[in-house]
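Shared chain: chain A. Partners: chain B in the first complex, chain C in the second.
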Partner chain A sequence: MTRDELKGNVLSILENDFEFEHPGLDDNLRDDHGFDSIDAIELLGKIEIMLGFSLSREEKEKAMGIRTVNDILDYIEKIQSSHHR
Partner chain B sequence: MAGKPPRNSFRIQLGGWLSDFAVTMTCWAYFTLGFVLLFSVGYCVAYLFSPQREISFQRLTNLFFRGFLGIVRTAAPRHHWQIDKRIAETKSSVIICNHLSYLDPLLMISLFKRQKTIVKTKFFKVPILGWVIRNAGYCPADSNGKFARMMIDQIEQMEGYLAGGGNLFVFPEGTRSRDGKIAPLNRGALKIARLCRAPVYVLHLCNTEKLFTPGKFLFNTRIKNTISLTIVDRIEPDSGQGLSLTELESRISQALMMLPAESEGRTI
Partner chain C sequence: MKRRVVITECSAITPIGYRKEEIVESLRLGRSGVKPLRDDGLLTNHLHSRVFGTVDYPIAYEFKRQYRKTMGPVAFYACQVAKDVLERSGLPQEFISSGRLGVAFGSTHGSPTVQRQIYKTFFNELESKFSSIGAVDYLRSMVHTTAVNITRMFGITGRVIASSTACTTSSQSIGFGYEMIKYGMQDAMICGGADEYDTTTVAVFDNLLACSVDYNDTPQCTPRPFDTRRDGLVVGEGGGAVLLEDYESAKRRGADILAEVIGFSCNNNGGDLILPNLDGITAALRLALDDAGITPKEVDVISAHATATKMGDVIEAQAIAAVYGDSPMVIGLKSYTGHTMGTCGVIELTLILYMMEQGFIAPTLNLDNVDPRCSMLRHVRELSSGNIGIASIQNFAFGGVNTCLIIRNGREAAA
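On to the complex of A and B.
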């Protein structure tokens, strides 16, 4: 998936499933939208479905530091590339 | 005519203080010696040999705090307890309650044989207590550093835990209310309830702060008081899924603000 496709999917998840209103790519998700660790874990489940494979425990732990939509996109791209090696 | 306060008044005050002191020390003795003498072996056996360590730790903790509350209720008979009997029968639910006193979590643990809650991470670092709550499967309140793995594990296992009959109780205000008003709610428990499609029970707790007042070391055993715990709302997963998180939070806040008398007559 290209970054633009990922961006569309992730924004759609954040708006539809997490009820975010117009999330910006560099918004601080925690401060601006109340995104917390429980949301992060729920989002990881949706990322797994989107990518079609399960994430390892270590990969999930790394997601706990996500702060912005761009962080999410960087994270997914890294995961994608490591799984395609 | 102003005069010296009667000597009797001083004696009554002293007697009351001594009573509070004796009850408080008895509770602390149970909390420390009672744990060491009566429960530590059970916890060690459960840790080493139980095939279901989490469940065993939860049951032992429930038993320990039933003992603690039993002592408090016996030693402070002027406090009357009215606990809705249906609460202890609740299973597979997220239980949300207002928070008034440090007694509140102990009361909740004493009510549910299988219980988990969300705990501030500093408590996981306390010797013995941290070991007990970690092995009971309690969930850390944030996921910084080494708590990330623990939180991921607990949240991922929560659906199965709730489906298997366990309860998650949470005080979503995050801290004790000092004025009886309901503070803005943390949404973590509501998110878990939606994620796990679990029913939400909203409980209203009254007057525990009169028995164990925030900021005071001693129990106040002398006043006449009624401590009550009432179900004020229940939200089934199907209706909960139909609500936005904001609507769910609003409904729970309103229920928490409702006086128990207002909920009487409603079918819950």
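On to the complex of A and C.
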């Protein structure tokens, strides 16, 4: 998936499943949208389904540093490239 | 330290209505909330009993997603009635989060709807490489989900009691809340219970031949507490909450006093987990009177547990007769709602509070011919007006747990 495709999919998940209103790419997920650690785990499940493969425990732990939508996109791009190697 | 404990707010979502006006109208008109059992796509077709005490009206929940995400259907009921009592009370947030307000709330077994989804996922996707069990599924389904969703939503930091004793769940919650305040450990408690639509509960009682099966085509004709043609209980759903407060604090802040909790008992039969036990129930009724410090003659109305099972009603009638003789009026309120399981104690208490406030006594529905084995009691068979000064609410549960709550009319408590 290209970054634009990823962006569309992730924003759609955040709006539909997490009820974000007008998410901006650099919004702070927690401060601006009330996103918490439980949401992060739920989001990882959605990302697995979107990518079509399971994430390892190490890969999931790396997601805990995510703060913005752009961070999510960077994270998924890294995961994609490591799985395509 | 022993303090007086009063009920200052109540709210209930029941098969006969949600708002006080709807519930009172149902009681006055003799309107039953028992309906045909909804199809669950799993067990319904295997059950003999096809009736259910149903909440079939829409409820406008306005919970934000951050709260909804940890709630199964049972917590929606619980948080809605807790929200009602807290909002109406006008208690300031400073007090709510002070550690002096606690929560005693429970359900029969958390959220069976969410548990069922978990198992569906498990059995359907054994071959899947994705983990489909949600991060919040445990929080939605766990046995104390009602109590802690309430604390989370309203920022409550006091004690948490999450009783889960089937049919005595909410009466225990109220009793334990009363004791928390009476002995000075908390100044106020939100107490109650909730149970959601669930056919596994129907299946359990159906298997034990304890469910009503003869009135599947005329649901409003069952359950029939104390009637000769009763054939078992009808499972139901709902939620209810009461706000208990230390009397002096409630009086100081000018709160309306609906009733005073003057007595509570809880005991166990010490043996069989299913069969009703005359000695255990009789002891529970006497212990509550002792706690209240009143004589049996002072009780005007008894809200009997009266599930309409063949033996349960007879044993309860014998216990009431042994303790009270035929002096108090006896009502079986499950004839309106069905047996709302963990919620029944708080719902029956709320119905009695409405009757106390409005000065009427609702009859037991479907009591056409009193079973001769239950006929020694003073059954209420017609709607009547009258003041209820003191009432007793009795509930008994699988596991041999018995409870009895005794309340005094708020007008008299405030005097």
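Everything below uses one rule, namely that the second predicted complex is superposed on the first by the 85 of 85 C-alpha atoms of A that agree within 3 Å, B and C clash if a C-alpha of one lies under 4 Å from a C-alpha of the other, contacts with A are read in each partner's own complex, and residues count from 1 in each chain.
Operating definition for what follows: a contact is a pair of C-beta atoms (placed from the backbone, for glycine too) under 8 Å apart; a residue touches a chain by one contact, two chains touch by 3 or more.
Computed from a prediction, not measured in an experiment: that's the story for all the values here.
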In the superposed arrangement, does A:49 touch chain B (first), chain C (second), both or neither?
second
Go through the superposed model and pick first if A:59 touches only chain B, second if only chain C, both, or neither.
neither
According to the stated criteria, A:32 is in contact with first (chain B), second (chain C), both, or neither; which is it?
neither
Which partner does A:71 contact after superposing on A: first (chain B), second (chain C), both, neither?
neither
Can you list the residues of chain A that meet both chain B and chain C?
19, 34, 36, 38-39, 41-42
So in the complex, which bits of chain B are touching chain A?
142-144, 148-149, 151-152, 155-156, 187-188, 191-192, 195, 244-246
Which part of chain A faces chain C closely enough to touch in the complex?
18-19, 34, 36, 38-39, 41-42, 45, 48-49, 53-54
Give every residue of chain A touching chain B within the complex, in rising order.
19, 34, 36-42, 57, 60-61, 64
Per the touch rule above, chain C residues touching chain A in the complex are 65-66, 69-70, 129-132, 134-136, 139
